[in-house]
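Each of the next two complexes has chain A plus one more chain, namely chain B in the first and chain C in the second.
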Partner chain A sequence: MFEELLEEIAQENALRGTNTYLKLTVGLGALLLSLLSAGFVAPLFIAFTMTVALLYLARIDARTLGEAFAAPVSFAILSVAAIVLVSGGSGAVWIWQPFSWLSLSVTPTSVDYGIYVLCRTLGGMASLLFIALTTPMTDLFVVMRQCRVPPVLIELVMVVYRTIFTLLDQLVRCYHAQVMRLGYSTRRESIRSFATLCGAVFIASWNTGEDQIRAREMRCYDGRLVVLGETRPVEARPALAAAGFLLAALALTVLSGGVTLLGGAP
Partner chain B sequence: MHVMEGFLPATWCIVWWLVALPSLALGLYQLKRVMAVDREALALLGVTGAFIFILSSLKLPSVTGSCSHPTGTGLSAISFGPWITSLVAAIVLLFQALFLAHGGLSTLGANLVSMGIAGPLVGYGIYRALRETQVSIFFTVFLASALADLVTYVVTSLELALAYPAEVGGFAGSFTVFLGIFALTQVPLALVEGVILALVFKYIVQLKPEILVQLKIFPEEKIVAAARGLADAA
Partner chain C sequence: MSRIILEARDLHYRYPRGGEVVRGISFHVRRGEKVAIVGPNGAGKSTLLMMFNGMIRPDSGTMLYDNCPIAYDAHSLRRLRKSVGFVLQNPDQQLVAPTVYQDVGFGPANLGLSEEDVKSAVQRALGAVGLEGFEHRTTHQLSGGEKKKVAIAGVLAMEPEVLVFDEPTASLDPRGSEEVMDLLDELNDHGTTIVISTHDIELAYPWAHRAVLLVGGRILQEDVPEVAFGDRDLVRRAHLSTPILLDLYHELAERGFPVPARRPLSVLDMLQVIDHAFEQNTCRAHPGTITVHDISVAGEEGLASWLAAHPGARIGAMGTRAKQRAAAEGIHLHYTHGVVDKCILRALLGEETAIMTTGGMVKRVVERVEEYSRQGGTTIPVVIADRP
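After this line comes the complex of A and B, so read on.
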């Protein structure tokens, strides 16, 4: 019923103490290189390296990482299948024309293109997961403030962040109570219980909002929430490792742009 | 249905970010104005964002056997309007990317256009059209939520088709294929979300109708009539 929040894992990962800007440079740099790459090799390298970094440097549980990858990758495979069918190219191994204006085919070029899009997605997802699993939101608030994001927006983001965990706590208790009363025993019952659960959260969120207003007024809230954040120094070894990785990924992006697996046109 | 990180080419990521930016700017401008008048609004907007996030992190009981999540933006658009929903949706999408690995940072613009702007706008339009009519509030919520959901899928298919046009048939051919694939899985889910959110409204009308009155979602007499009808049925 509930998805595990990556934020909770990020709070305890082994790279928690590493400089936030360094982690963001690695994650966003890898993401950008994945997007700009014209071939499948560089994104695949990025996906592999990021996964290894998450497993061995950040000490993220392999199962958790697998589950985080599963949903987007299954959606990617479905979408890539569609791209392969419509992309076309020469030397078709399978072709079907359901309408005069639509032709579906599988060609070496379309399969190569599908592999490229899938690898780019894997590279992008691994980079995103690197940021999500190593950099907690509390560290990003400090970065947002230092980057001069409008204060009113930061306030809103912080309130949403705080309230998510309050509501989630109520939701889990409510859900367990429903399960104990066989609330999810049949499909019909599941839909009814699910709706009741959502309604209860809506009412709880309204009550929480009212409580927050009262609590803030009592604490002399002046329109600005205080963020206590520490800026950790950039250490030499992690910085060198990050630079080495980004340079290697950049070199692969430049050099392997036209490389394809089946020899189709890139 | 989020477009995941890395799936769209860089050019299209930029295009959808540019399309989304004006509505974000408008949302931010409205937020600043609301905050200048009423500081208490921040807490309610905050919990709205948290509510949408929580709703979207729940796995929906699916009739197709697949797993999906309610978008929740239809309900938010009805309750708080489409522009505030688009700003809150941007924050929710950022949290979804970082907390759940749903969507991404480069594709946030595209996801915002489909889930945070197009879907809520359609949901809000339907709600506004039916608000003052004799149509039941529960059917209005069902229709607004289900169609907001469906439009989200249609716009996502459009985004994918523009990025990956077919060799034969171009954009239209590709759009048909993407729509065909997602319609099969997502239409039943949109209907289920509509039913669930209508039941959510029923629950709120039964337990705390004053919230709906305070938010001015429906005319007071319509809410009172609905609450009376539910009490009589019980």
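After this line comes the complex of A and C, so read on.
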């Protein structure tokens, strides 16, 4: 329970000093190209490049990255398996009809479609993880302010962000205290302990809210929170690398549209 | 004598559905003073402190700031809270923003400062607590000591005249406690009035100019620490224990040893008491010289050449800037807290010592060494390096 948080990894990543807009452009651009691509090559290229960038440029631990990928990829594989079996097509290499109304088959078209969906999912996931693991939320506050998001909304996000960690801290402490006193030793005890944990965190959240109000009043709160207004400058090498990657991905998207592995219809 | 800055007149306060926690408290704090409010848990210390910046309004009695009764309208409270900064016991309750910059800049931004002024206020405050370069760090990732310093910086950024600390060293390790207390000394040296509440009598005893003993919502004793903590019965009634140095002093006196009238505040003072009692000389050798390096005027070469000429000499640093300079130059510091007394102790053993410090604290070092020389009867040479 309570594994390392993506936000904490993002705070420590080696691309932390790179311009936030550049990272967002790369991440969102790659995500868009993955979704727009009509073939599997460009999303696969994006997934591969993003993973390499996370491992070698952002220096994210391979195991951590694997764990972050595991859940969505497992879900994607299950979905793709279903797509391959039910989407049909001509020239079936395997077919099974358990009921008159249900026919399962594997065809070159369905396999190609499955590969296409899987690669798009991987490309999209890798792009999202690139943003999540290289751009901490605290850097996004600056972007939000520069993009003229209403201050009240930014303040709300900042309060929620601060509160999450305070409550998480309470949650971990309470959970450990319960575990140390065998709170989760039986199923019955686990249910009871979990309910107590929820109650304790609710009370803690209430107290935290009151503490925050008091702390603000003590420091003359007048509805203003500051955001460090600087973003790091765009450096030539990262900018060129980002442009090169996006151009290559765009070229692949255009040129490899409709390309399939087994020659099935895309 | 300096002007009174905070004054309590017959304060009473009762929490809703609770007993009376403050029962007729009257006392004052003078500008530039270091005052410790000492008492057991539940004595009403924190409640009293909260009245200093208007967070709690007394049921009866008057709280005055700069000789004017505190008004409780929003505008007056804003002005008061700018002048009386409050640092809570638990920094997690005080930190309101996700990053260090945002948190330290919170107060100045709410005082209506421009973005540039907020930025310079944050840099000044972080520099004062020795956390330069922490601007982008998130508050939840900091250690306990760092959180405490960020909380202090957040208050310092508003440039208050009075700093109020509720249990300043609670949940800090000894090193963290020393750093925070040293920082309080430094701030006081620059003219800030400081009031702390604590139940750690050993902490308050050598630090405070004046101690207020609080029990059951009432003041039991208020005086200089030697007197306030000198009455054993009174201290026991306050559910506290006498400082160990005072205990030793009393034990020697009760056994008929001749002891000086001045009660010991530090190990150095205690050594004098013991020497007086056993009629020996504190100085076992020709006293060593204490060299003070004012790093705000001295060049790097002066300090480096002194260190090269005195290998093995003990070095202490007073103040954040001096400690940062030592860290930047890779100078190993033997003393970072109670520096002058520790250097005097080494000088009495005939050893050479150096103190790195800045500006006004140079004078403080010289005065303390001269005071000791006068009282102890042993002249310890003190030299200011790189000065004619």
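As a working rule, the second predicted complex is superposed on the first by the 251 of 266 C-alpha atoms of A that agree within 3 Å, B and C clash if a C-alpha of one lies under 4 Å from a C-alpha of the other, contacts with A are read in each partner's own complex, and residues count from 1 in each chain.
As a working rule, contacts are C-beta pairs under 8 Å (C-beta built on N, C-alpha and C of every residue); 3 or more make two chains touch, one makes a residue touch a chain.
Predicted model only: the values in this text are computed from it and were never measured.
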Chain C versus chain B on the shared chain A, clash or fit after superposition: fit
Contacts of A:Q11 with chain B and chain C, given as first, second, both or neither: second
Apex chain A: angle to the C-alpha centres of chain B and chain C, given in degrees as a multiple of 10: 90
Which of chain B and chain C A:T25 touches, first, second, both or neither: neither
Which of chain B and chain C A:T64 touches, first, second, both or neither: neither
Contacts of A:R219 with chain B and chain C, given as first, second, both or neither: second
Per-residue touch tally on chain A - higher for chain B or for chain C: B
First (chain B), second (chain C), both or neither touched by A:Y161: both
Chain B versus chain C as contact partner of A:M137, first or second or both or neither: both
Distance in angstrom between the closest Cα atoms of chain C and chain B, superposition on A: 10
Those residues of chain A which chain B touches in one complex and chain C touches in the other: 137, 158, 161-162, 166, 212, 216, 221, 223
Contacting residues of chain C [partner chain A, same complex]: 53, 55, 78, 81-82, 86, 88, 92-99, 101-102, 105-112, 115, 118, 135-141, 154-155, 158
Residue ranges of chain A in contact with chain B within the complex: 1-3, 5-7, 28, 31, 34-36, 43, 68-69, 71-72, 75-76, 78-79, 82-83, 85-89, 97, 99, 101-104, 117, 120-125, 127-129, 131-132, 137, 140, 150, 152-153, 155-164, 166-168, 171, 184, 187, 190-192, 194-203, 205-206, 208-210, 212-213, 216, 221, 223
Interfacial residue positions of chain A with respect to chain C in the complex: 8, 11, 136-138, 141, 158, 161-162, 165-166, 169, 211-212, 214-229
Complex interface listing, chain B residues touching chain A: 1-2, 4-7, 9-10, 13, 28, 31-32, 35, 39-40, 42-51, 53-55, 57-61, 63, 67, 70, 75, 87-88, 91-92, 94-95, 97-102, 104-106, 160, 164-169, 172-174, 176-178, 181, 192, 195-197, 199-204, 207-208, 211
